[in-house]
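The next part holds the structures, each set out as structure tokens.
In the two complexes that follow, chain A is the common piece, with chain B as its partner first and chain C second.
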Partner chain A sequence: MVSRIFKITRAGLAGGLALTAILCLIAGTMLAVLARADMLRGLGPSDWSAIRFTLLQSTLSALISVCFAIPLARALSRRNFPLRGVLITLMGAPFILPVMVAVLGLLAVFGRSGIINSTLVWVGLEPVSIYGLHGVVLAHVFFNLPLATRLILQGWQEIPGERFRLAASLGFSPRNVSRLLERPMLRSVLPGAFLVVFLVCLTSFAVALTMGGGPRATTIELAIYQAVRLDFDLAKAALLALVQFGLGVSAALLAMRFALPEAGLGAGFDRPERRWEAQRPALRIIDTGLIIFGALFLLLPLSMVVLNGLPGILNLPAEVWIAALRSLAVAMVAVAITLALALSISAFSVLHRRPFAGTLGMLGIAASPLVIGTGLFIIIHPIADPGRYALVVTALVNALMALPFALRALLPALSGAEANFGRLADGLGMKGWARMRHLWLPRLRRPLGFTAGLTAALSMGDLGVVTLFAAPDQATLPLQLYRLMGAYRMEDAAAAGLLLLGLSLTLFWLFDGGGHERA
Partner chain B sequence: MKTLTTFAAAMLAASTAYAETPILTVYTYDSFVSSWGPGPAIEAAFEETCACDLQFIGTGDGAELLARIRLEGARTKADIVLGLDANLTAAAGATGLFAEHGQLDTAFNLPVEWTDPVFQPFDWGYFAFVYNKETVSNPPQSFADLIASDLKIIIQDPRSSTPGLGLLLWVKAVFGNQAGETWAALNSHVVTVTKGWSEAYGLFLEGEADMVLSYTTSPAYHLIAEEDARFGAALFDEGHYMQIEVAAKIAHTEQPELADMFMEFLTSDAFQTIIPTTNWMYPAVTPTSGLPDGFETLIQPETAHIYLAEQAREMREVALDEWLAVSSK
Partner chain C sequence: MLELNAITIRQGDFALSADLNISPGHIVAVLGPSGAGKSTLLAAIAGFTPVETGHIQWQGTDLTGLPPAQRPISILFQDNNLFPHLDARSNVALGLEPSLRLSAKQWTQVDTALERVGLTGLGRRKPAALSGGQNARIALARALLRARPVMLLDEPFGALGPGLKAEMLTLVADLARETGASVLMVSHDPADAQAIADEVIWVDGGIAHSPHNTDEIFSLPPQALSAYMGT
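== the complex of A and B ==
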């Protein structure tokens, strides 16, 4: 009995170490922030304005995304057309799309000299401005409309087909179907979808950095960056980091009260339901219009990135290529850290039946990258030049941000493998590395490949904590792209955007595909 | 023993010959290092005489330079910081990171007397709103005109950009206690507040706004480099705020001789001839060849405003708080 309690397994040790590392990173940085925050000075008018703007843009982004997602999801749920599956798969792409690439694409479509405004001017209308609240919300909707659509579409697909058949045989009109079948489903799905988008937008940094227009459109994360990089006021940065952390935790707690929908990236949206009541020509036209609109909204900016980027890609300055190599290195390190952490925690959680371990690993989602970054900055700055640690810190924070998704993919797969083959492996005396090589890795190839691909793509495209740390000559590719835009070298910026897009997608495809091939 | 000494001496000589060329690192703002800015020509001119490798590192716009230096503190790799302006010298001097330049006898052609022992001016100019004469036929002649018009402007963030800070102090100098109200009225004309000058000017050229905060000398760029006379700077009755751009050497530089050489080079004819047609500012010491043709077409403000040293620092704090409070609403 005693030996059973005190037996330290390798999984226990690794899991314990991984969890301690995460706790230290999050709690340690929060302590550093707490110690440094200037509580007495309190928040100034511009800080309150940043808090208001953060809440306002998150609410608006979530509302608009969800409102457009409902009809789009309904159209997708009841229409079949060529490439339907491709379109739905593509709707998962914004998740791994670098923010700076999306910004470039959106500027090309919605900017002053973009497609939309050129058309407006040509027709004789006033052009619309993309800066400030408009731009921030637009970019967030671009990222989250597809996410919300997929979440809501899942709700539709979960309504059993028999009910629609029954509705048809009872002669239900579209209104009846909506009232009796669709609305109850929406009532249970929408709050979760809204909160997911709200949470994502709450910690948005790069969008506000590029699309915000001055003090009126500053998020808390952006204010933290400004406090460090423009005013070098660490006490203010720490105070703002506390506010951001408080908001993140409150929103996450709120979200937990609702059943959050699973953001299943690969879940089977295989075929639409046959819907007898929706065969009317008017509804068909509306749905077709919605699907075309949704596809254009997603594809047009990305096509513009490719079109605008191609001419300059061969003449990219050396510093962009070097930045790309730096980003690749960061992404690889982030993948290694994420896999090590996620495997250790999953093994600990499954073998020792400690579900809380998985929950702890999800902590990263409440702490924002810039909050952790501020904490690390405050810890490192008195001892060493933070610029020297820019890349290490970026990889570490990227890994931490990818960890919740990694756990979500790995935990169920590992517990499945253990449930099916665990006793057999025990019987064969497979432990440690042998168990990992012969039982886990073959069973986990797909989720591991997916996790690695996701982490690599997220890390490759991340523009967040690196802005706090980077020295002038130590940029990652997204930061270099931002600097090119700041220096108004738009052709180089467009080409760098295409390079970034290509690298992120290739990394995801290589890792994820590698997992599929030999599975 | 003697052979050994000779051998050692030979090795020493050889190693000096093979030693890397010394590097002088200069932190500056982005547009200074761009291919069309002064950076490349200045680098070539200085490297001709210094037997060194002059490396410019762009750190965003001018005001970000100061934040960068504060952040890096004594650990900075910079030997020289070039591109702060007179509004920031007090705050920069307070870091204690800069050393005196020791060249007090330079005869500057500045509209004000310059006696700062640490920060050496290299060029100067007046801030102004630049417009395209084809789209703005009736440019505003004062802030009041601008506020009454329906013109859209692009300005820069005073926390990261020296032109942005210049506008902040320009409004403060003209309107004093009413600066806050003036900003409230001006803000409805602001399309966006960019982090730096380059982005603002680029957006303006793309047609994102009618006017952009820049310099009275900016039209000279279009006129001389592009032979394009369409651009003008609006002359304001209230007068224009002046910018004096300065450089200083880092006190603990590992290349003190090179740094001193560069500080001396700043006011030389070689440097000053390059400035007007690359940085598009007035030279701090008029070169023997005079100003380039085309500069005589530029507007001449009747009143110049400027806060110097400590006064600029105090005003910056007051005006920044006012601007933030009004602009974040």
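== the complex of A and C ==
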């Protein structure tokens, strides 16, 4: 009994420490922001316009993503074709795709000298500009259309197969199926999918940094960045950070009232249910068109990144390689921190039956990285040169951002392992490290590998707080890529983009694959 | 008469063949070990699973290529026979009009069917507000309303207790006798067959055997069947 108490204490201690650290980080940075914010000055006209633009672009991006996702998900749910599984897997890729890589690809297709505009000019039409509101929305739709499609596809897949058979045996037309089967499902899935996309777009800094800008297309986070880096007006930055935090928390609270769909990472791989009412030629043609359009929208920009990047990859300047090493180091530290925090919190939550611990760990999703970064900047600035802490802060914030996903993967797996084998392990006297090594780690191999891969890829591709802190010689790979683009060194930028893409995907593949091996 | 003329069904490694006839108005139990292909046989007759070779015929017309709704067949699945967001009346009404736009006369038919299965006054309740047995009755009311000459039961009463199950089987037998429909019912339990079935189809080793008289097959069971029953 003594040793059992000891073990529980150890899990409690680790979990308590992890939760305290997260709370201190979030609450501490918020206090710093609160203390520094210039409440008396209030929000100026440019601040209001940033708030309006943030809400406008998030709403538009979420609306467009969801509207296109519905017919695409329906097409995927009722058609079977070669490479269907591959396409659905690829739809999960934007989640771990570095924003800068996507931006490069989108510019190659939709940019000033991209495929679309070259065609327009060739036909004799005016080229369209990708910068500003439509650029931001386009990039967000690129990232979130696949996410929304997978979420909605999961809804379709969760309709029991017998319902479609019942519909077939009662002679339902496509309209009957839509009214009696699909609409009730969509009513329960769509609000959640919309809110998830809205939340993602609310705190997406790198897209606004590269595609937005100017007085008419500045988000709150971009305004924070400009206040810190260009005007060095910390009071204004802090005030804006408060506004951003308020928006994030309101949206997250709103989201909690709806059942948020899971990321749907395993969804859609079963053979699609045969649909008797959808065998009409017109419907087949529409679905085929939709699937081809969806695949092109996703694959064309990525292929352009590979094509444009290949020629320059061997002649990359040394500073890019060094930046890549820095990013690798940051990613590894972020992985270590995320795994330590997530395991401690999960163990605490499961062994002590404290489900709120898991909820607390999800806090990071409401606090935007840039807001936490602003707080840390305000705290560090009077004591030391923030530039020296750029990489540490980046790793820490990346870990915090990955934590909600880590907990979502680990918590259910650990409570499952304990529910199935906990009594057996207790009976055999497995506790402490023995339990960890012989029960938890083997049972958690897959979610652990997935979590590590996700964190590494997210951290590798992140362009957020590092822009607030980094000195000229402290760039991570995404920041270096941004600087190359700003200096119009497009060949180097394209090659750096390919390198970043390769590194992110390889890290994810190595960790995630490691989890599948011998599992 | 429902004729299965030398049909074979293939799903990956699994294959099932059948060459048998079902007489009108007969209640036939489909028995066999788990995974033998009992449900597959029903799915092929209903048109959910294609047959590789052979023909399925009803009164001389070929059903083989027809979509499920155009076959003279009602089917009750193991579960999900009802839409949870529709009340009992609407679930039954789907049997007449998938668009749910019914005439006053048709709604009267719906209420009569609900009355016949013993659900008078419960038409406005949704499936979640009714018991498992009552939900099975709703599905039966719909099948009754559709009045197809062949009814397929893929263990729809499997989750009910023994008493309730016997009650439902008696109801099925009564309805079949009133409407003259043939019934094909999958079961794990030989007692179900003994309770209401005229004949038994024994499915084992990739073959669905021709129907045998229930009393005969249980008084002199083939070896595989007696092994299955543990006697």
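Following the convention adopted for this analysis, the second predicted complex is superposed on the first by the 508 of 519 C-alpha atoms of A that agree within 3 Å, B and C clash if a C-alpha of one lies under 4 Å from a C-alpha of the other, contacts with A are read in each partner's own complex, and residues count from 1 in each chain.
In this section, a residue touches a chain if its C-beta (ideal position, glycine included) is under 8 Å from a C-beta of that chain, and two chains touch if they have at least 3 such contacts.
Predicted model, so just to flag it, every value in this text is computed and none were measured.
**Q** With the two complexes overlaid on their shared chain, look at chain A and say whether chain B and chain C clash or fit.
**A** fit
**Q** By the touch definition at the top of the document, which applies to A:49: first (chain B), second (chain C), both, or neither?
**A** A:49 sits against chain B, while chain C stays out of touch.
**Q** Report for A:162: first if it touches chain B alone, second if chain C alone, otherwise both or neither.
**A** After superposing on A, A:162 lies in contact with chain C but is clear of chain B.
**Q** Thinking of the overlay built on chain A, is A:427 touched by chain B (first), by chain C (second), by both, or by neither?
**A** In the superposed model, A:427 contacts neither chain B nor chain C.
**Q** Using the superposition on chain A described above, determine whether A:173 touches chain B (first), chain C (second), both, or neither.
**A** second
**Q** Under the stated touch criterion, which partner chain does A:184 make contact with: chain B (first), chain C (second), both, or neither?
**A** second
**Q** Pick one for A:226: touches chain B only (first), chain C only (second), both, or neither.
**A** In the superposition, A:226 touches chain B alone.
**Q** Can you work out, in whole Å, how close the C-alpha atoms of chain B and chain C get once everything is superposed?
**A** Shortest inter-chain C-alpha distance (chain B to chain C): 47 Å.
**Q** If you look only at chain C, which of its residues touch chain A in the complex?
**A** Residue positions touching the partner: 46-48, 67-70, 73-75, 77-81, 83, 85-86, 94-95, 98-100, 146.
**Q** Within their complex, state which residues of chain A touch chain B.
**A** Touch list, chain A to chain B: 44-46, 49-50, 111-113, 129, 131-132, 213-216, 218, 226, 228-232, 381, 384-387, 471-473, 483, 485-490.
**Q** Touching residues of chain B toward chain A in the complex: what are they?
**A** 27, 30-31, 34, 57-60, 63-64, 67-68, 70-72, 75, 77, 157, 159-160, 187, 190-196, 198-199, 201-203, 206-208, 321, 323-325, 327-329
**Q** Which stretch or stretches of chain A touch chain C in the complex?
**A** 160, 162-163, 165-173, 175-176, 180-181, 184, 274, 276
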